[in-house]
Structures are given as structure tokens and as C-alpha cells.
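Note that chain A is present in both complexes that follow, paired respectively with chain B and with chain C.
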Partner chain A sequence: MRLSPLTSLTLVALALLLAAPWVVYPAFLMKALCFALFAAAFNLLLGYAGLLSFGHAAFFGGAAYVTAHAAKVWGWPPELAILGGTLAAAALGLAMGALAIRRQGIYFAMTTLALAQMLFFLFLQAPFTGGEDGIQGVPQGRLLGLIDLGQPTDAYYAVLAIAALGHLALYRIVHSPFGQVLKAVRDNEARARSLGYEVDRYKLTAFVLSATLAGLAGGTKALVFQIATLTDVQWQMSGEVVLMTLLGGIGTVAGPAVGAFLSVGLESALATSGLPVPAVIGAVFIACVLVFRRGLVGEIGARLKIRL
Partner chain B sequence: MSVQVLSGQLLLGLINGAFYALLSLGLAVIFGVLGIINFAHGAFYMVGAFAAWGLATYLDIGYWPALVLVPLALGLAGMGVERLMLKRLAGLDPLYGLLATFGLALVLEGTFRQVYGSSGQPYPVPEALQGGVNLGFMFLPLYRGWVVAASIVVCLATWLAIERTALGARLRAATERPDMAQALGLNVPLLVTVTFGVAVALAAFAGVMAAPVYQANPLMGSNLIIVVFAVVVIGGMGSLSGAILSGYGLGLAEGLTKVFYPPAANIVVFVIMALVLLVRPAGLFGRVN
Partner chain C sequence: MTDPAMTDAPTVVPITDVVLETRGLTKSFRGFTAVRDLDFTVRRGTIHALIGPNGAGKTTVFNLLTKFLAPTSGHILHDGVDITAASPAAIARRGIGRSFQISATFPHLTALENVRVALQRRTPGRFHFWRPESTLAALNDRALALLAEVGLEARAQEPAGTLPYGAKKALEIATTLALDPDVLLLDEPLAGMGREDVARTAALIRRTAQKENGRRTVVMVEHNLGVVADLSDRITVLQRGEILAEGSYADIAADRAVREAYMGTGHA
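What follows is the complex of A and B.
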């Protein structure tokens, strides 16, 4: 049997990730994996539907708050808490998406940013989020009653499983008939409409799916790191996920994950350097947009003429 | 409720509205000629406030010279940004312009935050505008009155220059049909660069005016620009007068909310945006594209 380049690379990546906790700090890996899933979910919208959302922090951080609150205050077990956060993100995605898809292009981006900022202020003022302190000391518990999330290595494999399942789901969505229509809408909306596709429905579905998986990433992050704060819902977070996707390659399957690992790695390398991290990230942003628009994976794929 | 409280909050709303109007006007002008959204507009406003503060602190140059020097200098810097960065993105999806200017905003904000921290640098009200007058129904601090008046004059002047002068007509021609305007002998690239510079100068002007009201704070730009985005979505960028009017209108709406239901004051603009999207998706003054 001949494996496609993407399949063989996925197998290699999985093998590396399975062995990684012996070499790299599990906390770093878990953070990178959560962001990888977040960026991949974002990429469903930008890469395959051509919609730039500048408000995805709302789903990531919103789910983090709901998961943290459910686990800490209501005492829900981890799997239910994550599910609750994910569903909350889906509902939020439906509401925000329904409003945002009423405008196109650049207006869409501004609308999502403004709606996410509104949510930021709501979370800032709502009593259950703990304001500036956030929700701290979230109990980790046992996932499915079996896996102790308090053990870093066990928690890492749980996060790896969640991120892998999320990526698998995204891969299936992108390569389904639904995904094909989405690409048609991205490439020529008017033509897709004239062929009889209800464009708005496809966009909204993609928005909700993307929000849901972003929520899964946020809820997971809140549990394993035991904290949900305003940082997760801030506009900078929305920007960061755009950068990860851009860095790895917009519209590639593997790009967002690669971008997330690069970006989280860059941030932890810079954390002790004394350089202003946001300014460096901004400079990377500009450089990517000006000379490196295909991103790392996109560039490699284009050079080798393979789909990654 | 007393008339004083109401009119006091309305004045504060009008001041916020003045900054919304100056920035959304600049965004609309840039959108008109370049087809992109300048995310760094808030950062230029912040740099404007810091430049005024820096001139006063390090060079002992006061408010009035700063009000001229800072917009000039930042306008020139803006032209540099257009030439070095945005020009390379011409013809691409406008989203790339948004992303590049977003990066620029991060660089500017991150640098100022590193140097000055997150707290504000106080800037005094110029001597000539200290104190206030009693209007009978309210006490009007002179500086605040000046901000509202000056912003209205500048907005009107910009609007007149673009809609009613020969230069403005050329600019509009270059916006609508760049190839045709170029064929008729207009230097379209130069026109675009200068226009971008003027819009940045407007933001810098707003920043200098804001320094005595809000202090110079590294975060002031990003806090403002997101609200201005909502203003722009509400007004639509099709018309300049629409951008100006929605700026003042939403500032007033915010002021009113502060009187009647303070907790909602910082989200009211976003709520209005959501309502406008439901009822009139193209925006209040927008044309459907």
C-alpha cells in the first residue's frame, strides 16, 4: 500500500508526539496542542470558507470560562465540563455567526472583532468569571473516571487524543461534499449561489463548526491548566490564532498545528529574553504578510508540489 | 435626574464621539482609496498622544506647536508605511492589509508598553483653555468645549476638501477608476500615498487632543479602535458624512447609556451594531455592494 505524503507525515508526527513527553515539558506540549486545535478550527473558516474571523477568542475563552465554572462550582466531571464548554461555544458561534455573515469581507472581520469585544466586556463584568482574577484552581479530576488529569503525562495523552480527534473531524469536514461546497463559496460566492447553493447556510454551518472546535480547545485548556482568565477572551488572543494559521499556512491541513507549535515555542523562548513579546509577534506578522503569505507548510507543499 | 448630570454625560459622550468621528473618518478615507482597513489607526492615535507628551517632557514644546508638529510628523511616517508596506499588498485580498496593519499595531503598542508600562502619562491642559464657563444649566470646562469644536471643524474641513474641491474630485476619480484617472494624467500612486498620510495625520491630531483628557497610555489606541470598527460597521464606509455622523451619534448614545444604565455603557455601541446588522445589514449610510 502506498501512503499519501500527508498520511505518512501524520503518522510520523503522531509517533513523535507520542514519544515527546520524554524529551519536552508536557506543559509546553499541552499548551501547543490546545492552540494547534484552536488554530485548526480557525483555519476551517479562513482557509476553506474564506472568512477571516477576528473574534475567535470569544469561543476559545468563552468555553474556557464555562468549563472552568462547571468543573469548579457545579462539580461536573471533566468530560461533561469540556462538553458543556464546547456546546456553549457552539451556541455562541451560532449567535455571532448569524450576525456576522450578514456582511462580507473586511466588514465581516470587523464585525466579529466587535462582537468578541462586547463579550469581553460582558465577561469582565459578569459575577461568575471573577473579573480580573479569572477562575483559578479549577479541579482537574479524572477524565471518564479513568485518566487522572493531575498527572502531567496522563493529562498530556488525554490532550493529544482530544487534539487528534479534533483534527480528524476537521479533516473529514474539509474533505466531505460539504467542504467542497465551502471551497466553492470561498473561490466564487456569486457562482456558488447561482448554482443553487444556499451560501449563507454553508457559511453559518462552517462558522458554528469552527466555533465548536475552538471551544473544545478552550475548554480542554481551562481544565488541564486549571485556569480561565480574561487573556483567553481578549482581542490579542484572536490575533494570535490568526498569526498561528498564517505562519503555518492558511488552507493547509497541517499548517495551523505547525504554526501553533512555532508560535508557542517562540513565545516561551522570548519569555525570558526581556524583549517585548507582542512587538516581536507583530513584526513576525508583518513579515509573514509581506513575504511569506503561503506559510511554512504551504511553502513546502508548493515547492514539492504536494498537498499537505 | 438633574439637568447637570444629563448634560455633563452628554458632553463626555460628545467628546468620545469626537474621537470616534475623527478616527472613523480616517478609516473611511483610507478604505476609499486603498480598499483596506487600517488596524494601526488606533496605534497612530496612541503614538500621537505620546508624541505630544514627549515633546512637552523632553523638549519643552507645548500643546499648540504639538497640535501642528505631531500630525505633520506622523502623517509623513504614515506615507512611509504606505510606500514600504501597503503598496506591496496592492491587488491582494484586502484581508492582508488588515493583517499587516494589525501587526504594525502590535509592534507600536508592544514597544510603548515595554518602555512606559500600562499606566498613563499625565499631560496638562494648555493654559489658555484651563478653567471653564458656567452656561447656566451646566459647567463647561473650556478644554472639553475646545475638543468638540475643533473636531467638528476638522471633520467638516476634511469632508469639504474631499467632496467639494478640485483636488477632492481628483481623489474621488482616482478612487473610482484608478486606471482611467492615471490615463488622464493623474499621479494616482502619489495621491494614494498622500491621502493615507492625511488620514494618519487625522489620527495623530486626535491623539494630541486626547492627551489632556485621557493621558497618554499605550493601550488607549487598541481600546478605541475596536469601538471605532463597530462605528464603521454601523455607519458603513460608503460615505464620509456617514462616518462622521455615526461617530458623534454613537458617542452621544454612549453618554446617554452612562446616565440611565451605567453597566452597559461600554457595550452599547456593540449592541447597536448587532441591531443595525439585523435590521439594515448594509449599515445606516452604506450602499449594498
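What follows is the complex of A and C.
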């Protein structure tokens, strides 16, 4: 049986990730995987609906807070805590999306930013969020009663499974009948309208799906790192995910993940170097955007003429 | 003795012979009136051309009819139903399909996918985000047949964005036809096409109009007067947002006001 280039590359990546904890710290890998899923979820909107959200930290961080609170205060088991965080992100996505999609382009981006900032303020002030400290010491527990999330390697494989399922879901959405309509709306909204599509409903569905998966990433991260803080909901986080996605390649399924690994990798590699990390990452970002207009994966895909 | 057709046999009378109608339609843009108090009627089953010099308001009328612009005042009726307040998507679902002056395709989708996305609108699966794309394969044959009608079957797998201009226009018509519209509004369908494409597209428009037992209506804005003369049952000449003349090509060609508008005679 001959495998398509995409399938074979996916299998290679999966094999590498399965072997990775023997070489790389699981903590680093888990962080990268959570951001990979976050960026991939964000890319569903930017790459396939043509919507630049500048408030995606609200879903990532919002889910992190809900998951952390559910696990710590209410004592929910990990799978339910993550599910709760994910559903909260979906509800938030529905509310924010319904407001934001009424506007286009820069106004859409600014609306999402403004709404996300409102949520940030709420988490800063609300009594249950721990203010500047965030929610710390979240109990990890056993996922599905089996996998001890306190064990780094076990936790890593759990995160890998969640991230893989998330990517699979995104791949399916992009390559579904709905995904076809979404791409049509992205390419030419007026034309899609003239074919009888109520484009706002498709944009809103995409927005909610994207928020949900971003929430899954945020909830997972809160649980395995035992912490939900303001860093997860502030606007820099929304910016970071844009950066990761652009770095890897907009509108490619694998691009955001590659961008996330690159970005998290650079950050941790530079952390001990004494160099000014944001400046170095900024320079790398500018270089990448200038050299690879389609992002790393997008550029490779274009050279090899395959859809990645 | 009475005519039997008048008394017996309940003859099938269409809901109305008029498929599209505007009443007192006016559109102003910041003081500039692009369309003024337009009373315009299109009869079912006809090919009706809208012509006139540049800036006469033809495209504005199109955008008003398809609700891409909201009228300043006046009403639009389709099959006798007031559609003045409907959305563009709702208009399309009523069976009014349109093409755009500047070719409107989905550039990153293949030619086949462009047509298929129009076919997909009637399927329940348009919202299914959990099912694979292969569930759409059932529509491929119909999409390919539509592409063949416009001579694009060989380019079915090419992204629409890479097609030459004439092919994009043809693809747009195929996509609009996929809606199986009751009324087809074509905004300069032949603009930018080579001679061969013009002949084929004109033939396609004629063929299209004859489908549905000749009940399908085509309204087109077109500058190619040769084709307009050849295809149209009725022609409306617009000038400065108002109807200058209306009738068959022979009527129009003989009209002094029309000749003046086109030739500029009689004006300083």
C-alpha cells in the first residue's frame, strides 16, 4: 500500500513524538503540544475562515481557569474538569463570536481583542481567580481513573493523545462539507452569499469550533502544569498564537504545530542564555516572514507541491 | 360560439406572467442618484437585456435586485412577492441566481469544487463538519456535467485562481447554473472573453433560457450589442438611472433618443 505524503509525514511525526520523552523533557513537550493545539485551533479561523481573532487568549485562558477551579475547588476528576473548561470556552466563543462576526477585517480583530480584555479584567478582579496569583496547586489526579497525571511520562502521553485527537478533529472539520463552504466564504464572501449561504452562520460555527479546541488546549495545560494564571488570558497570549501560526504557515494543518514547537523551543533554549528573549524571537519572526511568506510548512508544501 | 379554450379545461395559468418587477425603485449615494424612480418589469421566460452607456446605473440595478444594495426607496417583487427586505442569501434561495461583473470565483478551490459548493447548498450536509469531504463525491458527476457545458471539464482540478479570465467567467456561469435558478441575472457575462468563448457562452445562455420549458428568465447587462441583438427578447435602455427606451432590438435601434445617447448626437 502506498501512503500519501501527508499520511507518511504524519506517521513520522507521531513516531518522533512517541519516542521524544526519552530525549527531551516531558514538561517542555507538553507545553509545546498544548500550544500546538491552541495554534491549530486558532488557524481554523485565520486559515480557513479568513478571520483574524486577536482575542483567542480568552478561550485558552478562560478554559484554563474553569478547569483549574473545577479540579481544585469542586474536586472534579481530570477528564470532567477539562471537559468543563472546554465547554466553557465553547459558550464563551458563542457569545464573543456572535458579537464579533458582525464586523469585518480590523474591526473584527479589535472587537475580539476588546472582549478578551474584558475577560482579562474579570479574571484579575473576580474573587475565585486568585487575582495576580492565579489558581495554583491544581490537583492533577488520574485521567479516566487510570493515567496518573503526576507522572511526567504518563502525563505526556495523555497530552499527546489529546493534542492528536484535537488535530484529527481540526483536519476533519477543514476537510468536511462544512469546511468546503467555509473556504468558499473565506475566498469570496459576496459570492457565497449570492449562492444562498447565510455566511454569518458559517463564520459563527467556525468561531465556536475554534474556541472549543483552544479551550481544550488551555484546560489540558492548566491541569498538567497545575496552574491557571493571568498570563494565559492576557493579550500577549493572543499575539503569541498569531505569531506561531504565521511562523508555521497559515492554512496548513501542520503549520501551527510546527510554529508552536519552534516558538516554545526557542523560548526555552534562550531562557538560560541571558539574551533578551522577546527581541530574539521577534527577529526570528521577522526573518521567517520575510523569507518564507507562506510560513515554514506552507513554503515546504508549495515547493514539494503537496498540501500539508 | 365561444372559444373552447376560454370556457372548458382549466388552463394552467402561471402565478403571474411577470417574474420580476420594480416599483419606484430609487438608489442615491450621498446625493448622487444612481437609479431614479425605476418601474421595470421582466416577463417570465424571456431574455431581457439591460443596456446603456457607462454609469447609466445598470450594475446598481443588478445589485438592488439581488439585495447587495438596499434601495433608498421603492419596492422589488419576485413572483408577486415583495422581496425588498430580503437578504442576498434569501434571494438566492428563492431562485434568483446572479453572476458578477468582475468574475467572482473561489480562487483557492478547484473549478470542480467551485461548482460543487453551489450544488452543496441544497444538501443537508452543508453544515456537517464531522463528516469527510468524500460525502460530497455524489455531487461530482453533476458538477462535471456543468463544467462540460461551459467547456471547462478538462480543467476541473485546477484552482479557480489560476484560470485565465475567460475561463473564470465561464466557471462563474457554471456555478450560477448549479443553483438551477428560476431567474438568472448575468452582469456582463461576455466581458473579457475571446471570440470563441463569446460564441459558446452566448449559445449557453440561449440554451439555459430554454430549459424548464422555457420558463427560466435571463436578465443580463451586456455591452456586446451584437449578442444582445441576437439573444434578447426585450431590451431596456438605461440612461442616468432612468429608462430611456424599452422594446425589441428593432424598436430600440430605431429609437432616436437611444441613438443620441449612444452616438452623442444632439448633445453639445
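As a convention for this text, the second predicted complex is superposed on the first by the 300 of 308 C-alpha atoms of A that agree within 3 Å, B and C clash if a C-alpha of one lies under 4 Å from a C-alpha of the other, contacts with A are read in each partner's own complex, and residues count from 1 in each chain.
Definition applied: contacts are C-beta pairs under 8 Å (C-beta built on N, C-alpha and C of every residue); 3 or more make two chains touch, one makes a residue touch a chain.
Everything quoted here is computed from the prediction, not taken from an experiment.
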{"item": "Fit or clash - chain C, chain B, common chain A", "value": "fit"}
{"item": "Inter-chain angle, chain B to chain C through the CA centre of chain A, in degrees rounded to a multiple of 10", "value": "80"}
{"item": "Partner chain(s) touched by A:175 [first = chain B, second = chain C, both, neither]", "value": "second"}
{"item": "Which of chain B and chain C A:191 touches, first, second, both or neither", "value": "second"}
{"item": "Per-residue contact with chain A, leading partner among chain C and chain B", "value": "B"}
{"item": "Contacts of A:183 with chain B and chain C, given as first, second, both or neither", "value": "second"}
{"item": "Partner chain in contact with A:242 - chain B first, chain C second, else both or neither", "value": "first"}
{"item": "Contacts of A:105 with chain B and chain C, given as first, second, both or neither", "value": "first"}
{"item": "First, second, both or neither for A:212, with chain B first and chain C second", "value": "neither"}
{"item": "Smallest separation of CA atoms, chain C relative to chain B, angstrom", "value": "11"}
{"item": "Set intersection of chain A contacts, chain C complex versus chain B complex", "value": "none"}
{"item": "Interface residues, chain C side, partner chain A - complex", "value": "66, 68, 87-90, 92-93, 97-98, 100, 104-109, 113-114, 116-118, 120-121, 123, 125-133, 135-136, 175, 179"}
{"item": "Residues of chain B touching chain A in the complex", "value": "31, 36-37, 85, 88-89, 92, 94-96, 98-100, 102-111, 113-114, 222, 226-227, 229-230, 232-233, 263, 266-267, 269-271, 273-274, 277-278, 281, 289"}
{"item": "Interface residues, chain A side, partner chain B - complex", "value": "52, 54, 99-100, 102-107, 109-111, 113-115, 117-118, 121-122, 125, 235-236, 239, 242, 246, 276-286, 288-290, 293"}
{"item": "Chain C-touching residues of chain A, taken from the complex the two chains share", "value": "172-173, 175-181, 183-184, 186-188, 190-199, 205, 209"}
